[in-house]
Amino acid sequence: MSDIKQKPLINRYQTYDFVTRGVIPGAIDASHGTVLYLDDVNVSFDGFKALNNLSLFIDDGELRCLIGPNGAGKTTLMDVITGKTRPDSGSVYFGQTLNLLEMDEPAIAQAGISRKFQKPSVFDNLTVFENLELAMKTDKGVWTTLFAQLNGEQLDNIGRVLETIGLAELYSQQAGVLSHGQKQWLEIGMLLIQEPRVMLVDEPVAGMTHQEIDKTAELLLSLRGKHSVVVVEHDMEFVRSIASKVTVLHEGSVLMEGTMDEVQNDPRVIQVYLGD
Amino acid sequence: MRLTFLENETESRLILIALATITLVIPLCNLIFPAESALYFSAYSISLIGKYLTFALLALSLDLVWGYCGILALGQGAFFALGGYAMGMYLMRQIGTRGVYGDPLLPDFMVFLSWKELPWYWLGFDHFAFALLMVVVVPGLLAFVFGWLAFRSRVTGVYLSIITQALTYALLLAFFRNEMGFGGNNGLTDFKDILGFNLQSDAVRACLLMTTGFALIAAFLACRWVVKTKLGRVVTALRDHESRVRFLGYRVEMFKLWIFVFSAVLAGIAGALYVPQVGIINPSEFSPLNSLEIVAWVAVGGRGSLYGAIIGAVMVNYGKTVLTGLLPEIWLFTLGAMFILVTVFLPEGLAGLWRRKRGVKPS
Amino acid sequence: MLNISSLNQYYGGSHTLWDLELDVPEGECVCLMGRNGVGKTTLLKSIMGLVPVRGGSIMMQGQSIAGMKAEIRAELGIGFVPQGREIFSLLTVEENLKTGLRAASKLGIKKIPEHIYDMFPVLKQMRNRRGGDLSGGQQQQLAIGRALVLNPKLLILDEPTEGIQPNIVSDIGDVIMRLNRSKGIAPPKIAAAKAEVHEAIGRINRELGVTVLLVEQKLPFARKVATQFCIMERGRHVATGAMSELSDDLVKQYLTV
Amino acid sequence: MKFNDSLGRIGLFFLLLIMPLVGFSQDVMLATEENSVLPTYTEALSAIKTSSLSQRGIAIEIFAKFTKNPQTVLILQALMDGKLMELKADGQIVIAENNDGRYAIFAAETQASLGSVEAAAIKKINLTNRLRRQLRSLIAQVQLNSDDVAIRLQAVKEMAKNPTSETLVLLTNLYEKETNPDIQETIGLVFALQDMDSPDQALRLAAIESLKYKTSLEALNRLKALDAQDAEGNYIEPDKEVRKLARSAVAKIESRLQLYATAETLFFGLSLGAVLVLAAIGLAITFGVMGVINMAHGELMMLGAYTTYVMQQIMPNDLGLALLLSVPASFMVSGIIGIGIERGIIRYLYGRPLETLLATFGVSLFLQQTVRSVFSPLNKSVSTPEFMSGSWQINDFLSFTWNRMYILIFCFMVFAMLLQILRRTRLGLEVRAVSQNRNMAKAMGIPTDRVDAMTFGLGSGVAGIAGVALSQITNVGPNLGQAYIVDSFMVVVFGGVGNLWGTLVAGFTLGIANKVLEPYAGAVLAKILVLVFIILFIQKKPRGLFPQKGRAAES
Amino acid sequence: AEETIKVGVLHSLSGTMAISETTLKDTMLMLIEEQNKKGGLLGKKLEAVVVDPASNWPLFAEKARELITKDKVAVIFGCWTSVSRKSVLPVIEELNGILFYPVQYEGEESSKNVFYTGAAPNQQAIPALDYLMNDIKVERWVLAGTDYVYPRTTNKILEAYLKSKGVKQEDIMINYTPFGHSEWQSIVSDIKKFGSAGKKTAVVSTINGDANIPFYKELGNQGVSAEDIPVVAFSVGEEELSGMDTKPLVGHMAAWNYFMSVDSTKNAAFIKQWHEFTKDSKRVTNDPMEAHYIGFNMWVKAVEKAGTTDADAVQKAIIGMKFPNLTGGVAQMLPNHHISKPVLIGEIQEDGQLLTVWQTNTLIKGDAWSDFLPESKPIIADWTAPINCGNYNTNTKKCSGQKF
């Protein structure tokens, strides 16, 4: 873990010029090294502020852990990024050019942001294989889908992922009958096969055994560099095993950001989150 | 790696064989054998079977949206009726001067209510090709506009069901109005011929039955193909978990729209085949109760299985024919009881019964 | 408290639980362990009466409950915290808690016991919010609180710490332990708790001495909370013992992938 | 024979009467008196039963001249009320009171009780519109001198309809001694209207001036007529000043009318809304809360309506009470049948909401046909009790019909009751819990079976109650249910499933929208427009008027 | 079994129209039973074949075909709504069957295979207007109807008729409502306003079926009495009244060709027979029942005359056939396949009966093609030689169209 190069903290109070420059649609431009920009985002539900002037920046290829008390707004943050929830104010960019607030869920997903949900959501009536097939990265238009045929490479891909998530034997099972943990894995598999630029992973190891947790950690670490990964998890051991940089959310804003050690020893974090 | 799916091969094959037999053999029997022969099928049976097959096609179309895409459309009858009207208008124009007033242009019902000229939307229907086009375009277009609005706004579940019902109800009221120029309550009747052939001749009837049979087979194969493609799986997935599909990058509304329009077109074709065989099209086809009945056929047959829809439609309607003649006073009891028993004891309809018999695990 | 013997369970045609034996002695906290998909949840649901079982017996305090409806089992004093929380999402937090009042009223409990709010202050704070709007962790707390309204003799928890922030996890551990052990427990360590509340909880606790059946994947937590363990493997029960006897070998054999 | 004799004399008497019926005047009366062929009281009475309708008119006119006999007006009233009958056996004229199928009869002339007879033994003396009108004014003339103010007012109003020189004299006489302001006002109006025909310009102007403040249809028509032109374009009223004043008076009255028209439309909308809400509210429970797509809802309403019918059959003499008792009775009938449906069928279908549609569709067919077999396919006649008929006449232009008023109030009562049940009782909480997560509800000790049965019973019972209301405005027949089922679903969905308030607001919104559109578009198009409106509205608010928002709704 | 002559009965026993049609089925069963008691027909018994077309119009056609081809019935008595008749028509014509249609309708039809025993517009609507105009002195007219073909056509005819009598456009109010309309408040209020202009006003109602009850209730509640604004209806008869609370209806009128209340020995016998047959002394009789009664008996006589049930022979034999009405007078089957009928106007009484207040002196001949519609004026129907056509154009001297 020591070989992870530590990057300096980003100054959250600086306003980057791309935010003010207006939108240029097109490919993801991460030339500044940052893939996800959230600036001054506010979300409230019936007066309750779930996100409060939140600013967060995710680097290209980075593996970021997001922790924070229950209800701090982690899931809401992912909802904002994936287009499920529209913030009251603030800006959210993918790369320097894609304004996520102007895109809907499928567009965001196609642009390369995928997500694993907190509560495992797989398609109960489809088999494990078909679940992966649907998630797979391809053209997702209606007509292409209608005439889509799996080619060898894609089949291999699915096979590989099936191995990775340990469901190779169950590939023809309907996903509905899987146990909780198996569904978690399947959903991770669906995430992998989308080959996204950014992965948002909400509580991946809930309901997994130790060994599986380790395996997940391994998996996530192996993705580093190729994908930017944002992981939300309450399992500190797990977080410790993967984290390079940790962001702590509290009451809708960033409480602190730093290495695991910094975070663990921060009195505020201990008070609101970790406990002694 | 073989992919499994809801549809089962054996049953599909059986139903195809059955359909092919009906389509080819029965009309031939009607034409070849003399009326006394045991193998003879009367014109009555022919038109009856023809009607069942159009209903089967209609049920098939509903099963696609409801069984596979989860859209409980309570207005499927509207598309059916529109297709029927398009065909009816063609048949009306075919009457020419043979109407009772002998007006070369205006249908009878317009003449005695002093219409002076043909409304614009009747133009072109004297061409068979144009009418055929309209048979698919009109229901398709309506489904497209309606679906586009509804799916884009993410109207789902019962909300969608009820507005489809509102749609067909509104059309019912509209078509009832004499001023609409579709014959009001009486609808369009008294057709003479189609493509110059007398509608009441045995050969034409047999042909119509064959056409319907082929249309049904084609539609069945097409639907089967659709549900087996990846699109079919996307649609099944979004039936169960719509928002998740969206997060995978699929434009859910487009998929729904595609299925919805496709199904509306099938329903329209069914309507167009229905009209020349029963000889009348009138607004009651738009009635919400009719659309509800279609749902009942599909449910009886087995929602989510294409052959089930076909079996359901044929069974229920055959039952209706027999019972309304046999037990005219109490047949509704039988029908009602059948609906209740099927739902309670055969959760997956007749298709489920079949599946269970064969020991296939229910999904 | 709870004795299960030769229990079999099928989902349609697939055999999930095989001649299962389980013994939860009164006052103990038994932790049920096993890999994903071995049937832990299924077993708990069987005990609760939410899935049909075939054969075998389930005895609660000497009384056979196998054929009883779930709601009767709840009245008999089985509280259930399911996996995945299963909150009534359109009911407010308070209403969620109130759902247990019918069964609880048999025990003379007419309104939501205050100690539940004390244990999970966030529930009080979000009392009028709909359950479904809560964050995952908040929902988990609600689920536990809800089960406690029934004032259960036997509390069944299916992975109760899933998705819960660390400090609350340890609080939950404390709660479980407190509910479970009538005596000899260190004073509760709830951040916001006050002395008199502790007193009250302590009293309830002493009177109750809730027996706990727990499914838990997190070993440290399990070790801390439970007094006994029971390991399952492919729908069968394979090992039992006091928590202290849970060896690394066993862990390696049955809990690792 | 005496009987024939008197008929003969009356026949002779008729010969003398070659005059319009209504304009029967005093002089003739005098003339006939002198003529000494005047019939006796008994003869005059028995002449009424002549089989010719036109002769009956003359006979009544003659009979009514016996004003001194107090029995006369009673007999006329009985004739008006359809209680005057002829005994088939001996031709005697009697007053008959219906008494549970048998009739208690009294000799018309003497009031002497003659015991009771079967319906078949008597024959009603029929009336036509013409005779009724005639009778009414005859009775009014007598009642003009009644001591009862209400009766007097009624009589004055009746006479004001078609004032003749004769009645004007009577009214003038009354006016002089009358103390009641309402009656004075009414007579004053008659006089003012009379004055408008006066040749004296000042009198005409004064009359118009006073009419300006009256909310009278008659006044309005007359004022408008002043401004009318004949075929050649000449004004019928030659006086310019009168015309001008009349025009301004018309404008004044019509501006008030606008207000009344709005109030009226609103009332119509609300009362339609009330019906929609009543029809939908049971469904808001079975469908909205429990998630059962209950196609038999309409039939449960139908059962409520039939219960009302049966109740009225049981107590034909207490229609009002029967109606009141029908409310609990229908609740029980529909409720119990609802519970039967739930226990017998629906409970096997929880978790399969779409299938409930099919099963309940089956149930609805079944119930319909049952009713056809038991009660025949014909509509049944449910009477409207006295207190629900007629309207609350605020003025000539604005009146609220009582049945609609009661239904409106009833609707609010039912709504409030249900709201309380769902909000405040344990059942309310439990049913919501059960519908959201059946298994978890069980695990919390909620007896789901009982809750389901109770709730479905409640929803069905409320449908039954709605049926009672519907029996007062529409057909009680096997098709009643089908007529309302589509609308009911529309209302529940438009309001937002699972929200009782939504159902209320939706019902009233649709009701008012319909009634506002109707004058412009006609009833048919209005209905179509409302449907289109619903379709478009749902695009804007895909989950109805009061949607469940947020995360909670999605999971 | 012995050979029988089958008689098809094609009336809805379920669905929306069961309300009206079930009675007609019973009537047919009664008539057939009676005929069998008299020894049947041509030495054979009659056998009723009852089917239920379930108020479903295409099903009418299907069932008609079933009756003719499968059951081989000699004749069909059936249909109520015009659309069901229109649906059956091509089938009957194709298979050369015979249909007796017993309900008043909009006219504009005459088929070789159909006998119209109900009233054509000139046998119901026009005389009613005459009565209102001449006897009641009505000057302002509300034509209210359900929005479909029968009311539209009838009203068109009536409008033309009124205009021909010098009634001005502004004195005619036309209003259409949907089927089953139950919210009459605004319309009744409008009628009230329309009728308060100082001229005598009447409503001519072609409102059909279930919409009637709420309509009359609303009239009653808004205080519109028959004395002020009478309503004369063409589809409210004794049977409909038996299902209504008649209080608000008293004095309103109906125009028919038969009333149960008419005092005649034939009628009394018919009513008695009906009560015995239904075992219900409260059951009422009505106009379409009489139509079936006449139709059936004419058919019986025609079969006897022709000596066969063969359709062509019967069709030929029945024209000119006479049979006494229940209310007096003798109905005759006209060459246009309609019959001659008396027209009665009755006022509704509290007991649900109609009291005759006016009656035509002679029988009116049913007119298939209205003289008040410009397009149909020149058309006549005559199924006897030499014309032998249902739509003969007297101008062009041709059988217009090809319908013969």
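Each chain gets a letter, A, B, C, D and E, in the order it is written, and its residues are counted from 1.
The rule is short, and it goes like this: a contact is a pair of C-beta atoms (placed from the backbone, for glycine too) under 8 Å apart; a residue touches a chain by one contact, two chains touch by 3 or more.
No experiment lies behind these values; they were computed from the predicted model shown.
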Review point. Greatest Cα-centroid separation from subunit B: which chain?
Key: C
Study note, to complete from the structure: Looking at Cα centroids only, farthest away from subunit A lies chain E
Check your understanding: Taking each chain's centre as the average of its Cα atoms, which is closest to the average over all protein Cα atoms shown?
Key -> B
Exercise for review: Determine the centre-to-centre distance between subunit C and subunit E, using the mean Cα coordinates as centres, and give it in whole Å.
Suggested key: 76
Study note, to complete from the structure: Rounded to the nearest Å, the gap between Cα centres of subunit A and subunit D is 67
Study note, to complete from the structure: Per the C-alpha means, the centres of subunit B and subunit D lie apart by a whole-Å value of 45
Review point. Quick one: subunit B and subunit E, Cα centre-to-centre, how many Å?
Key: 35
**Study point:** For subunit C, residues contacting two or more additional chains
**Key:** 133
Review point. So which stretches of subunit D touch two or more other chains?
Key: 368-369, 482, 524, 527, 550, 554-555
Practice item. Would you please write down the residue numbers of subunit E that are in contact with two or more other chains? Key: 13-14, 147, 176, 178
Review point. Contact residues on subunit C for subunit D in the complex?
Key: 48-50, 69-71, 74-75, 80, 82, 86-91, 95, 98-104, 130-133, 146, 150
Review point. Along subunit D, where are the residues that touch subunit E in the complex?
Key: 53, 82, 124, 126, 128-129, 132-133, 136, 217, 221, 225, 264-265, 267-268, 271-272, 275, 368-369, 372, 376-384, 389-391, 393, 399, 401-404, 472-479, 482-483, 514-515, 518-519, 522-524, 527
Review point. For subunit A, which residues count as touching subunit B in their complex?
Key: 82, 84, 104-106, 109-110, 114-115, 117, 121-127, 129-130, 133-135, 140-142, 145-148, 155, 171-172, 174, 190, 194
Check your understanding: In their complex, what parts of subunit E are in touch with subunit B?
Key -> 13-14, 50-54, 56-59, 61-63, 65-66, 69-70, 81-83, 86-87, 89-91, 94, 108-109, 147-150, 152-153, 156, 176, 178-179, 370, 373-376, 379, 390-391, 393, 398, 400-403
Review point. What residues on subunit C touch subunit A, complex-wise?
Key: 11, 14, 35-38, 41, 83-84, 122, 129, 133-138, 140-141, 159, 162-171, 191, 217-219, 251, 255-257
